[in-house]
Each structure stands twice: as structure tokens, then as C-alpha cells.
């Protein structure tokens, strides 16, 4: 009881201390190479680098808060953080709950399956396809293939890959670059892309509460700035040999 | 509170409820089939026979259901020889992994409930049965087990409720039971409070119905023990 | 098979957090249980109804749902509440606090019944004698009733604690880094789920055994000086 009270009071106290211009950024921390948690417990990745660059451009301090993907938008709405930089796609559905900046990279979805398994996008009937819950991959599967395939949704991308590598799934539908990253890893050696990228007009943006229109403006300007002065290109090159904007 | 979203979510939540009831029903059945022989072993006069099921019972009562589910679902897939064996088509499916985990879990608890109930049957009745020449199996069938069922009913009713609540963990291995449906819906409508409250109410409805049913069953089976009126 | 790849300390840290979580929850739960039992035995119909609602609802809903509901639900409520006191910014319930609250509420609902049974088992004569002496309600409660309630309720509470220890695993699902969560993290690196979940199971079994021993000794101590009827 005392510990609960102490935690509550401490959080209240800390939150009450007015920081000069700190921006709290919400991210997942389980989505390599965009955001993941290292052995030191800190988040790192493409999203983190971009967020830091944007904060520099806006001359504010960035503080990162990790949140499980399922609760990342509810967390924003509950004011746990002020912006979500976690490879979130801009969708009409999400726009009903939050506001988005312009894009900071482009995305598409692609299937990954075992080499030589004969999996083909023309013959999906009855196959077990996995995706992370609450992502646009999950949405795509639910909206288009609900009657054709057996959709398996996972809490984390990691658990989904675990089932893919042991053969519980026939294929995985996920963001192209996330799949690309996994296919390069040791676990993904026996797997490959199947089929062309789908959902190719997907834009990744930063989610912000609807009432924070000023923040959207500042973030958009910052995005333009880091695109113009080469910072973006540097970060891009660090992770991918191709341009992902 | 977004009531429209709650109404819209009902069809999916109810279909999830059907899976929940299915998981619970099948697991309880298998669990009972496992529990009976184990309970009989646990009341045996021979210490070796008594100890036999103890390891299993101790493990499944002493560890969280979540660990048991994950061990079976994710753990089984770790081993090459399981993936290549004839077991794989079964263990591959989250549905069967959940059933196996639930059945083994409830089997252990039910075995202990049954054991306690059998041991609570009045000694005198068993002695009398043997004295008039009933064989042990016959004594079990006519005297011991019917009474054990009556004695163990409250505890077993409680176990069924615990199983219904435990079934919510099936959502952690991709199954779309009531809880799984709720979490899937939240992923689209961002209304965790509305969805979990609704799911919670549906679970509550199930447990209340069960409590009433068991209360009635207990009264009926025990009516010879209560003072008659008139 | 037990190639832990350096995750040993992480697992132990997780086990420690599990114990901290259980300790926090039991503290909350005992308080709620005592309050609930007193309410159920009170003369006020409102108190009895409220306590009845509490135990019926909480015992009929899966612990997982309660954990998720409190974790997601309280953030918005607390922030709004703090807002009315003029506090800007975010007030959150950390996974630890949410876990303690949810598990404490669950423990409390079952403990209410245990305490109620224990309170009813205290011979009325003792309470009447205390009142005849002129002891007030509160004095009677904490000098006569409470000490005996602990003794009678101990087995039941012990069982509830064993259940609580296992329920802590659920809090891993809202990100608290207790034993289950640490195991999942280790599995993310090592890709050996069976190894780490088996290890976690063994640790839980260890905690169970130690707790059962602890309860046994606590019962022996609580019943010191008491003549138990021999059958």
C-alpha cells in the first residue's frame, strides 16, 4: 500500500516539475531495425535517430517512453507521451483518433516465407498467415483475406517470427523493411520475400493528439529541415543501402 | 463511454465466447478423464502407487497456467524432433496446445478435489460395504464415488469457474476466444475500457449462471441430508 | 540444455520483481479483505451490498481482464482526476502499480470470504464478555477479534497467497519485468523457449515450496498454546 502511494506521489511530483521544452516520444522498442531495446535497456534504431534529429532541429529535448504496441495510441490519448515515433502508418482509421505529420518514410507490405516451400501469392487459400496485431498488415489481412486465409495475430513481431521460423505459419505479412531486416539475420536465412510489395502507398508518420496542431506544424518543419540539410540521408544510409523516403 | 462501439462489438465478442466455452468444455472433459484414475491412485494403500501421480500434480498446481501454455506452445516448437514427428500437426495448432495445457492443469486440480472428496466419505460406510461382501470396484461404483461427487461438488464448481477465467489466457497464443476478440477489437477502435468492460460482463454472466446451476445441483443432490418439512 | 547464455542474473532479477509484486499485492489485498469482511458483517445494508457486489464481480471476471482493464483504464481516469486538481500533464499507473492494484483487488475479494468465515468462527461469548467489560467496538475488534482472526484465517490466506504468486505471471503481459517477462526477453535473444520457460517453472515451484513451508511454520506459531481437539 505504502509503495503504491509512494509511486503515485513520485510520479505526480515528477510530472509536475515543469521541464523547459521536453518532448516525450512514445515508441515500441520491439521493431528492429526501427526501434528496439538494447542490453543497456535503452531504445535505439532508425525511429530513435530520426526523433533525435527532429528534436535537435526544433531545439527541444527528447525523452523516450516505451509502450507495448497494443496500447500505443491509448497511451498518447492518455497523455503518457506527446508524439509517437514508432513506424506508425498513416491510415484513415487512425486519423479518427489522432493527427499525423507528413511522412518520414514510405512503406509497403510484403510476404516472407520459407525458401522452397512453394508459397505463392496466387494460391493463398487455407494458408496460415501471421502478422502483428494492430498493424496495417493485420488490417490488410482482415479486410481482404479474412475468408481465404487463417489469420494469426501476435502481440509482438518477435513472437510472430518465432512461429514463422518453426513452421507454424506458412508466411508472414509485415512491413517490407522489417522483413528485409529479419531476412538478413541468422534466423531468416532460410526464408525469402514472396510476391511483389503490396499496399505500396503507405506513408509512415508521427502521431500526435488532435488538439496539438502547433506540434504537428513544428514537426513538419523539422522533417523538411532534416531532409534538406542531409541529416535524413545520413540516418537512412546507416540502416539501408537504399532510400526509404 | 462509447456505447455504439460496444453494440458494434457484440457479434465478434459473442463468437469469441463460443470458442471460450468450447475450450473450457473440452478441457474439463479430458481433465475429468485424467483425474479419476489419478485420484484413485492417490488414495491407494500402497505408498508407491500414491506417489506416482504426485510429480505431475505438484508441477501443474505449483506453476502458473501461463507458463504451462507457453511451455507447450512455444517450447514444443524448439525441438527439431517434435517438428518432424507425427505430433507436429497437433502441436502446430494453438487450439490443441491450449486444450492440452488446460486439460493437464484442470486434471491436476480435479484429481486433488476428487481425492479429498473420496477421503471424506464416512469410513463406516466403506467398511460396511466390504463387510457385506462388495468388491472394491463395486463399493466404488455404488457407495464411494456417488458420495464423493456430492461432497466434491462445491469445490469442482469452483474449479469450473477458475477454468473459465483461466481460458482468457488462450488469447496469448493467437486464439480468438472472448479475450482474444476483445484485444483484436481494441487494436482497431482504441477503446480498451469499453471492450474489456463488455468482455468482463460476459465472463461475469457465465460464472453467475454456473454458480446458480451448481447451487441448484448441490441442493438437489443433498436433499436427503437436510431436515424434511412435513 | 541449461545454457543460459548469460541471462542468469536477468532471470533472478525477474524472480525478485515477482516477489515484490506479490508482497505489494498481498498488502493491498489484506486491507481490502478486512474491510470487505467487516462490511459484509456490518449492520448497514449498503455496506453489505457494496461488499457483495465487489466479491461477486471480481471473482467472476478473469484476472487477466482485471489487469488489462486497470492498466489501460486508470491512465485516462487518473489524468482527468489530477486535472480537476489543476495538475497538467500525465499521471500514470506504472505496470508495477497497475499489477499491485489489480492483483490486490483480486486477492482482497477472495480474502473477504476467508476473513468473514474467520470472524464468524469467533465465539460470540467472547465479544459479549468484552462488551460487558465496557470495551468499545474498536477496542473489541483489535484486541479480541483480530488476533484470533489471523490464526483461523491463516490456512485460507496461505492458499490465496500461493494463487497470487502464480497470478503475478499475468502482469508480464503489461510489460512489468518480472520472471515471465524476463524469460520472454531472454527467449527473444536465444530462441530457446522451452529452456527458459522450464527454468521459470522450476523457480515458481521453488517459490511455492518455500511458501508452503512458511505457511506451515506460521500456522504452528499461530496455534501455539492452543489445545487442538483430537479426533
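The letters A, B and C name the chains in turn, as written, and every chain counts its residues from 1.
To be clear about the criterion, a residue touches a chain if its C-beta (ideal position, glycine included) is under 8 Å from a C-beta of that chain, and two chains touch if they have at least 3 such contacts.
Not measured: the values here are computed from a predicted model.
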If you connect every pair of chains that touch, what shape comes out? Choose line, ring, star, complete or other.
complete
Ranking A-B and B-C by C-beta pairs in contact puts on top B-C
Whole-Å distance, chain A centre to chain C centre, using C-alpha means?
36
I'd like the Å distance between the centres of chain A and chain B, where a centre is the mean of that chain's Cα atoms.
39
Distance-wise, how many Å sit between the C-alpha centres of chain B and chain C, to the nearest whole number?
23
Could you tell me which residues belong to chain B and also touch two or more other chains?
74, 77-78, 172, 183, 192
Sequence positions of chain C contacting 2 or more other chains:
72, 76, 173, 187, 191, 193
Two or more partner chains touched - positions in chain A:
71, 74, 77, 155, 162
Touching chain B in the complex: which residues of chain C?
56-57, 59-66, 68-69, 72-73, 76, 166-170, 172-173, 180, 187, 191-195, 197-198, 200-201, 204-205, 208-209
Okay, in this complex, where on chain A does chain B touch?
70-71, 73-74, 77, 93, 97, 133-134, 138-139, 152-155, 159, 162-163, 166-168
Residue ranges of chain A in contact with chain C within the complex:
1-4, 7-8, 11-12, 15-16, 24, 66-68, 71, 74-75, 77-81, 155, 158, 162, 165, 187
Chain A touches which residues of chain B in the complex?
74, 77-78, 83, 88, 92, 94, 172, 174, 183-184, 186-188, 190, 192
Which residues of chain C touch chain A once you look at their complex with the stated criterion?
24, 27-28, 31, 71-72, 75-76, 79, 82, 87, 89-94, 96-97, 100-101, 173-175, 187-188, 191, 193
